[in-house]
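The two complexes that follow have subunit A in common; it is paired with subunit B in the first and with subunit C in the second.
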Partner chain A sequence: MVPDGKNKKACISLVIMVVFLLMSGVFEARAITPNEVMKKSQGAFLYQGKDFKARVMMKLISKGGQERVRELTMLRKNSGEVGGNQKYFIYFYQPADVKDMTFMVYKYQGKDADRWLYVPAINMVRRIAARDKYSSFVGSDFTYEDVSGRNLEDDTHALVKEEKVGGKDCYVVKSTPKVQDVDYSYKLSWIDKTNFLPLKEEYYDRRGELYKLFSADEVKEVKSIPTVTKRTMKNLQSGHRTEVSYSKVDYNIGIEDSLFSERYLKQPPKRWIK
Partner chain B sequence: MGSKRFSLVEFSVDHPRLIVALTIIITLVFMTQFPKIKIDTNPKNMLPATSDVRVWNDAVDKNFGLYEDMIVVGMVNEKGILNKESLARVQRITDEILRLKGVAARDVNSFPTITNVTAENGTLNVAPLMTEAPKNDGEIAALRKMLYDNPLFMNRIISKDGKTTAIYVPLEKGSNGKEVADKIREIVKKEKGDEKYYVAGDPVARDTFGAEMFKLMAVFAPIAGMVMLLVRYIMFRDLFLSVTLMMDAMISIVWSMGLLIALGFPVHIMSSMAPVFLMAIATDSIHIFNEFYFRFREKKDKRVAIIETMQAVSRPVRYTALATAAGFAVLLFMNIVPVRVFGGLIAFGTVILRVLSFSFIPAMFTFVNEGKIAKIAQAEDIESSRTSQFLKKLAGLGIHNPKATVLVGLLLFVIASVGISKTVVNNNMVGWFKKNSDIRVADTVMNQSLGGTSLGYVVALSKEEDFIKTPGAMRYIEGLQRHLEKLPVVGKTTSVVDYVKRINRVIHDDDPAYDKVPDTKEMIGQYLFLFSMSAKPSDLDNVVDYPFKKANIWVQLKTWDARAMGKVIEAVSEYQKANPIPMEFKPAGIAYFNLVWNHEVLWDMVKGFVLALIVVLAILALDFRSVKWAIVGYTPLLFTIFLIYGVIGYTGKDFDMPISVLSCLSLGMAVDFAIHFVSRFRQRLAEVKASEGKAPNEAAVADALLWTAARPGKGIMRNAVLFAASFAVMIFAPLTPYITVGAFIVSMMLLSAVMTIIYLPALITLLQKTLLKEA
Partner chain C sequence: MKKQYPEGRSRGTENRFYFTADLFSVLRALPPGFCLLSVVFCFLVFSDVAYGIDTSVHGFLQGNYSMDTAARNPDGGNFKWAEERFQLKLDASKDPFHLMVKTDAFYKHNDEKGDVELREGYIDYTAGKWDARVGRQIITWGLGDLLFINDVFPKDYEAFFSGRPLEYLKKGIDAVKVGLYPEFASFELIVAPFFEPNRFPDPKRFRLFDPMPGVTDREKAKPATSLENTEAAVRAYRDVAGFDASVYFYRGFWRQPSMLPDNLLAPSRIALFYPELNVYGASLQGRALDGVISLEGGYYDSRQDRKGTDSLIPNSQTRFLAGYQRQLWEDFTAGLQYYGEYMHDYGAYKKNLPAGFPQEKKLHQLTTIRLTQFLINQTLKLSLFTFYSPSDRDYMLNPEMKYNFTDHIWAALGGNIFGGGKPWTQFGQLDKDDNVYLQTRYEF
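Up next is the complex of A and B:
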């Protein structure tokens, strides 16, 4: 009796569970909320793994075709869940005259990040204040917010349509800032339905004109984590664009918290920056 | 050739309806082209986009991410701009400007958008100066400190006395400065407060001028036409004939403008003046009317009078047309395309006018009521007409005191020459507006309190990458800036050095000892990198190129005088000579463009004018079949030009674009009078000789001169007065070039007419032995 009853109960609960799961699956596929899409996207794009490392090559290209290069190693460590605090450590290789320069960012949820810069020519570490929402990341077309993510609560998100980008099914989400604290009046994101990576983003200025265009140009799996390894941000008004490519990407390599300190800024450990 | 022309006149008189119908049909055909009109109001386009200066300026703009055009919006509060209300207004206005179409929003510089570098408690802060308007006195004090501590802001976005601020509004390529300026004026109008607003900058002046010019042409040409009609009516007392004379001008205008449009040329500011010029040239047909009335009175037969009139005036009318057409056709060989188009347009129009003189006008004469003309013609008697008597007296001055007349003339000539040597070639588009006009006032106010609304660049070019980052190059540029700032026309200079010095100081906790160029290239490189990490990309892009081979020094000028940039260029080469360095320095920017524009367009006109003078002399020699007569006939023209330019030289008025255009008109008109006078005088003399059977003596020559002054001279005077009267209207125009044009034409016409009537008789009397022997 008892085992029977147990079995029966188990059977019933299993059936209920399966039905529920199926239902919820259908439910979810049909009615995923735009906020969920954006949350998942942020997780897939900016918070993958416990930590992350890449050699980053940035090409800043002017309308006239002039190029500036930024080559750096970027280390990132998450301290909690998606949208939570993060720490970044950046070591510059290029341009040549800033070799050995290092840069550290503590990113917080809901307030401007703290940044420190080590200037080798004067052997000094300086704190730098900047505004994440507007400031360009090392002179590129990406803002700090583009690099490290914007607080999802600052925008209202709406699912406007579904569309294919490069043969992949995407959600198209319109994000409108609740307070006009950024240069754009709204942004459209094309989010891959399978891996939630943003494949395309369009930024519209206050006049309602498209002025900035993001595209993920190459996606690769690293340790089975889909990663955008090539991306471009183009300013359509100034004609300036930034092309970024990641190499030597790795996840979950056990970066210690102690790395993110003023001491290591001056003398970055070789094994991390290589 | 003469008999062929003659037959055209006879044909026209015999088939007047056909000729008139044909003329109207051709006119209608040309009119069909009018809807296709393309208008180009931008004086900049006088130089083609492929001209060296525009190509170079475009390259500099591209290299440094600059804008061709910038509007400067000034805001003045006599009690000081640093208060809650004014600052909130600055923010609101800037915010609205950022939303305007045609504005390069990302690079608008104003309190809320300009990058500031400060140090606070060991933290380096790179951020816009004023992210939010201050809410209390503490915040205002902090803002004041930041403003006055940063030399990059001084005289740029804040005046020393704190009463004036400016918003710099760069325009996207191809947007219209006047339209953006109008929208900005609407924005500031909404603000209620003590502040005064000024909208200045080259694009505003340029586009406003272009637009106003077309408007004025549309208003002025008809007014001038109406005045001409009225004056003609007073002269000839016949509405039909006055209208005929008017139609003559209108038809040639329609044909030439129609052809211009049909050929696909845009109507430039220069060709927009063509109607007025053609109207002026058309007045030459007044000689036909003048003679017709005299002949009709003598012959009492309309057909005979018409044909005889045309016989008498055909030679001078043909040659004045030839001289005018050739004078303008010379412009076809100039470099500047719109100058060429203008020359071709007027030359074509002139030829059309003459064809009409021999066909349409005689045809129209046949429709006039004979009885009416007979009555009016009674007045056309050189013995009783007061005008003729006055002209006789005038000519008598020259005939009876030839030596004194010539001497006085020579003296005036010498005085005028001294004046001409004082001529200043310059152009100032803002100066084309009246002193109390919005644009002029805005410019004056802004130039008094801030660094200057006219912007030029000095580009430093080195051969090595990263050369600009060396302390040597930095110190050199700094030295050059200080040298340029010594010029009174330079209000402020800005370069990459200013940013480097600023960061050097700020990174060392705002220690003034570090307000200098750092000692090593590494420091400079790293400071600049640090700055580029958080500033707007344009902040650095505007002053250095990507490989750091070139640097761009911004030079704000306090005047739009084309000469000002010339002085900057001189100062640069002076500094370079004294301090050699492996760098080249080249001027650029709108101020440089204006300098080149001034030089190229003006000198092209001057060159064309001188060439035209030579061609006209050659045509005179051809017409009179004598070089001596040509030189005599040339003197009134030369004299008029010398006197007018002498006066311009003495008054210190710049020899600018409008004046150079006018020179061409003067040669088209002043020479006409001499041609009429000399031709008719020689005809008269030949008639006397034929009737008396012997060479005329001195008394006969004097008689013939008096007759010429009284009869064709009346035509000359009528022509001059008609002309002067209609152009005098221009003196009331709101743009100074029109006032100049009006005053210039009035004085030119009256002067050259008087010169012809007094001076030619004097010269002919004096030189009659040589002149008449040959003839």
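Up next is the complex of A and C:
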């Protein structure tokens, strides 16, 4: 049958519709890539606001139940977009032997951070040589990278499945380091589909065994920004765990650039560290 | 650091509280300090309630013992140091002011003496672009790790060699410090009217080389407090291409005394005095080679012996150091330093050196290594610090193990081992002064 004009038009319409449907299906499947999930997650977890402040209480708990406490105020300021440079200022309240110590980090995209430590007993500011990738943050189960983030380009990311955590729909992303420069061989992250916060992370060692477990135990909205206010990192091999809770959380409080200087490391302004 | 000659036998006549008695004298040594502190404390609590002043009280109880391992002390004792110490630190602040008072009360078994010492006590005033600190304060400049070029402020080497906690190596000075923070750089200006010398090991406990051991009549004189003798120091610093850059200037005195015998051939009396000194220096520190690099230099202008002909006053010097530290694996850091001290007008020095005085090298060199490993969630710290002089061939080793039993209690066990060189070189002279020390502290 030779299609007449009417039929021809209908055929074209059909083809266009089918192509459109197919294409929209493709677009639907291409809606988000694992790299985009991780990038959004980094933004939601570590880059919210122009600046950020929290009183951080860390409990380091040994297998036997012995507890040590690290209490500090953390101030962060971003410059530029997600994944860009950041400055951190940390003031220690506890334990007694580090009281009044301050610590400053200039974190850069794609190169090692600069770090300075102020030791009040001898009134000295020094640069310290420490590497993010395998340095425990103040003896806790968190590394510096866990605290201030890992360069996303250092890993390949794959979306392995979708799953619920605590009733929340999550993407599950497998991140494998391109160069074996960390303790784990790969990491699985459960990223909340709505706010992109990591709700759970599993770290697997070089033999492929689960050895470190992160969980976001409480999420609260601060100035409409969903914020993980309680978290735990547990080392399954040593039985040691670190519980962290944030209080006095605030965003966009107008921290000046001048805070991140030797002057204020030595004399941290009360209004910022309280 | 330089050779230590014994200080004068005469003791200061400061108005202090001395007690001689048994172990528990420390308790009796406390009341005067306690009374004062209680008054301050009550005042602070009152001001907190009445005027909204932020106050805090912290401190520690400490036991610190260091035992001879190579030989007894020259005075027959077995301990380089043995004391109990109580520190109270009071902070009070209400913008723009901040008050800090750190006072130690201690009982020292070596001397069977209790005493009270004001470690630091100052008031800060903070404005937008400047601030000021007035009172007794500890100032640390320069980049050296236990090597000092532009840190021209007083040190207590006795504390260092006796196995006391490192903070006791630094002594406070009574000074006014002003900080200025314009956009292009930051400045620290220091004016100190009261001269404070370094403290060197006590000859009763350490074997120190003495070129004139027979002369016991010694008189030590600090520079008089006057406008002309007021010490002044300036530091300017800023970021230069990602490096922390500083320049320094100091006008004051050598903090190690020089000897002035009444007669060089047959001395019967020695006057100890502190020659005039200017220091001009600079330093640079930054991230490089996966670690941190430090460079520092300084010209020591010995103002009373610019030609180098006076053998009893140090010649002018150029001092320099290069340091590198790097984290090699988890919780392990290594640091290396090379330090040189170049004597100017060496010919004049050699020509005028009296007989019987050991000849110093034209270039005195020191190398150091620091290794630090943290274990058990950073509660156990193993460290080693070594000095070795390639020019004098003497050394000092300081291994230490420190454990935090809880957040409030820690203890450190370590040793100081000296040797090599000659009986007059920096560490060689301390060859028989090896010691093992214990530091324990309860902090609150």
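In this text, the second predicted complex is superposed on the first by the 243 of 274 C-alpha atoms of A that agree within 3 Å, B and C clash if a C-alpha of one lies under 4 Å from a C-alpha of the other, contacts with A are read in each partner's own complex, and residues count from 1 in each chain.
By our rule, contacts are C-beta pairs under 8 Å (C-beta built on N, C-alpha and C of every residue); 3 or more make two chains touch, one makes a residue touch a chain.
Since the structure is predicted, the reported quantities are computational estimates derived from the model, not experimental observations.
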{"item": "Side-by-side fit of subunit B and subunit C on subunit A, or clash", "value": "clash"}
{"item": "Partner chain in contact with A:Gly64 - subunit B first, subunit C second, else both or neither", "value": "first"}
{"item": "Partner chain in contact with A:Gly84 - subunit B first, subunit C second, else both or neither", "value": "neither"}
{"item": "Contacts of A:Arg127 with subunit B and subunit C, given as first, second, both or neither", "value": "both"}
{"item": "Partner chain in contact with A:Leu117 - subunit B first, subunit C second, else both or neither", "value": "first"}
{"item": "Which superposed partner A:Arg207 touches (first subunit B, second subunit C, both, neither)", "value": "first"}
{"item": "Which of subunit B and subunit C A:Met101 touches, first, second, both or neither", "value": "first"}
{"item": "Touching partner for A:Gly166 - first (subunit B), second (subunit C), both, neither", "value": "neither"}
{"item": "First, second, both or neither for A:Glu262, with subunit B first and subunit C second", "value": "second"}
{"item": "Part of subunit C, among the options 97-105, 403-411 or 421-429, whose backbone runs into subunit B after overlay", "value": "403-411"}
{"item": "Subunit A positions touched by subunit B in one structure and by subunit C in the second", "value": "60, 62, 66, 68, 95, 97, 121-122, 124, 126-131, 134-136, 138-139, 141, 183, 240"}
{"item": "Interfacial residue positions of subunit B with respect to subunit A in the complex", "value": "62-63, 65, 98-101, 104-106, 120, 122-128, 131, 172, 466, 469, 507, 520-523, 525-527, 529-530, 532-538, 540-541, 545-547"}
{"item": "Subunit A partner contacts - residues on subunit C that touch it in the complex", "value": "54, 58, 60, 93, 95, 98, 124, 126, 131, 137-140, 143, 166-167, 169-170, 179, 181, 186, 237, 242, 244, 285-287, 290-292, 325-327, 329-331, 333, 335, 374, 377-379, 404, 406-408, 410, 441, 443-444"}
{"item": "Subunit A - residues contacting subunit B, complex", "value": "60, 62-64, 66-68, 95, 97-98, 101, 103, 117, 119-122, 124, 126-131, 134-139, 141, 183, 205-207, 235, 237-238, 240"}
{"item": "Complex contacts: residues of subunit A adjacent to subunit C", "value": "60, 62, 66, 68-69, 94-97, 99, 112, 114, 121-124, 126-131, 134-136, 138-141, 183, 240, 258, 261-263, 267, 269-271"}
